[in-house]
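Structures are listed in the sections that come next.
Across the two complexes that follow, chain A remains constant while its partner is chain B and subsequently chain C.
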Partner chain A sequence: MKHHVYLILLMASGVLYAADTPQSMMERYATEAKAEQSDFQGFSAERGEVFFKSTHGGDWSCASCHTSVPTQSGEHAGTGKTIKPLAPSVNSERFTRLKKTEKWFKRNCNDVLDRPCTAVEKGDVMTYLLSL
Partner chain B sequence: MNRILIWDIPTRVFHWLLAVSFVGAYLTAETEKFRNLHLALGYTMLGLIVFRIFWGFAGTRYARFSSFRFGIGDVKTYLQSLLSSPKHYLGHNPAGALAIFALMSLAVLTPLVGIALYFEVGGYSLEELWEESHEMLGNAMLLVVLGHLAGVVVSSVIHKENLVGSMINGHKQGPAELGISRAYPLIGMILVLAVLGFWWVYLR
Partner chain C sequence: MKKLKPIVLTTTALSMLPVMADSDENFVMANIDPDWRAECSECHIAYPPQLLSKQSWGAVMSNLSDHFGSDASLDDETTAKITAFLLDHAGRSRKQSEPVLRITETRWFKHEHDEVREVTWQKADGASNCAACHQGAEQFNYDEDFIKLPR
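Here is the complex of A and B:
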């Protein structure tokens, strides 16, 4: 009996985890973007691509670790470790856990831009990655 | 009372290298810029503990685990004694020893889970578990370190001795026959060189 309860809890938590999708994250960023910019016109894959490939005045761009072809595996610019592709079309694990996505946006934006990304920037990058 | 040697050199070298590695690993955790340094310091902690376990059996009197393996009853008695007539220990006191064993365990567990995280043991399904527990262990260790520092200050005041100074120069005041006779500088030097050599190779 006890085991059944655990099993059900485990399955329930699995369902809760699976709740995040790239689409649900995009909706979230869109809501935040509207609060950020009153004249928000929607996300742009082109803006996302430019953002992704530029160094913003520092040493690194997003492409330094995720390559400028994000359907391919990247290589960490500091440790050399292989990083799985960022594009969800080739890596279905991407953007399936909001907490993870948010953590890495926060960390990597600080690494590259020395500041957190705005919701518009995150949405643009995701739009670009989802277009690949 | 004489000025006697309590902490041999390997124990002191171990201590300060562990402290520096912990602080460094903690400060480099949240950025990819210093990921390599974070990993190197984590591995260093693991290596230092391996050495310390060996030294806990082979080392000098006060460095041996047997000299500070106290029960929970000893901790209680010691803490109660602080309120009336503080019981003095030349080596680690029972409360300090408790923190020390906690610190040594955390200095093994945190890097081990960090390694599982880094090498993606168990794939995507275990990733979150490793992430969360690695972070939790790191923060738990920070808490114990803060408790350790508070304990060092409090017992230095209560026993009117400079414990930090002892961890640096190895000496305390005590009866001559209770001091250790050898400091083992060569082993301490080998430990320093091994760590510097590892950093040089890993971070080059």
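Here is the complex of A and C:
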């Protein structure tokens, strides 16, 4: 009986936490990108890298908090708190919860660009981070 | 009796009393809201709710999209849940005409830190980085015994 309960819990937690992967998110952003741009040609790691390292009219770039080497830990530009690396190759927790990823794209894009990011921008950044 | 003394001192001297402290500045909370703990510790450590008044937390939580210059917005459901937790554990203070939003600008904080030198603030990366000196800050323990100044 006890074992059954554990098994069910295990399965439930698997379903809850393993639902999103970097790949499933990329597919989602690709679908959105096609709706955004009729001539969408696919994501680009180079474009993502330039986007990540540039300021976009304000003081901060993505690299201000995540460093320009996203396989390394960053530091929050306002509070000094350590931020774990963004690249999934060194931090397997990255891009495993769509809700979290979307929450941070919303906040970070607002802080850096003063507007939401497009699906193309999100997909480019992810392609860049997944290439590291 | 011995144990009560620091709490009493804090109350009278500072008019903002950290409720439920088991020693002077160890904030023990019975039912920690997991969303509060997770969401409020992503950019900085989760600051003990006792450090601001209800009025102040209400103001902070109603303007998360411009949170001291950063977008810290949350979905409505999570915002409501965390707000309830904060109000439930908020410190008591005199009615303020304008709510103090920064913990570092409360009378309590200034009083507690009036001996901290400028170089120490610099080495700590600013006053929002409690854990630079308070070794127990992530467990909400700000007891004097756990302070180690950064070098």
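Couple of notes before you dig in:
Convention: the second predicted complex is superposed on the first by the 120 of 132 C-alpha atoms of A that agree within 3 Å, B and C clash if a C-alpha of one lies under 4 Å from a C-alpha of the other, contacts with A are read in each partner's own complex, and residues count from 1 in each chain.
Basically, a residue touches a chain if its C-beta (ideal position, glycine included) is under 8 Å from a C-beta of that chain, and two chains touch if they have at least 3 such contacts.
These numbers come from a predicted model, not from an experiment.
Bringing the complexes onto one copy of chain A puts chain B in a clash with chain C. When the two complexes are overlaid on their common chain A, residue A:H56 makes contact with neither chain B nor chain C.
Contact with chain B, but none with chain C, is seen for A:E93 once the two complexes are overlaid on the shared chain. In the superposed pair of complexes, A:R107 makes contact with chain B and with chain C alike. Once the two complexes are laid over each other on the shared chain, residue contacts for A:H76 go to chain B and to chain C alike. Touched by chain B in one complex and by chain C in the other are residues 76, 78-79, 81, 107-108, 110-111 of chain A. On the chain A side of its complex with chain B, the touching residues are 65, 76, 78-79, 81, 93, 97, 99-100, 107-108, 110-111. Contact residues on chain A toward chain C in their complex (touch as defined above): 76, 78-81, 103, 106-108, 110-111. Those residues of chain C that touch chain A in the complex are listed here as 43-45, 65, 68-74, 125-126, 128-129, 132.
Residues of chain B that touch chain A in their complex: 30-36, 39, 118, 124, 127-128, 131.
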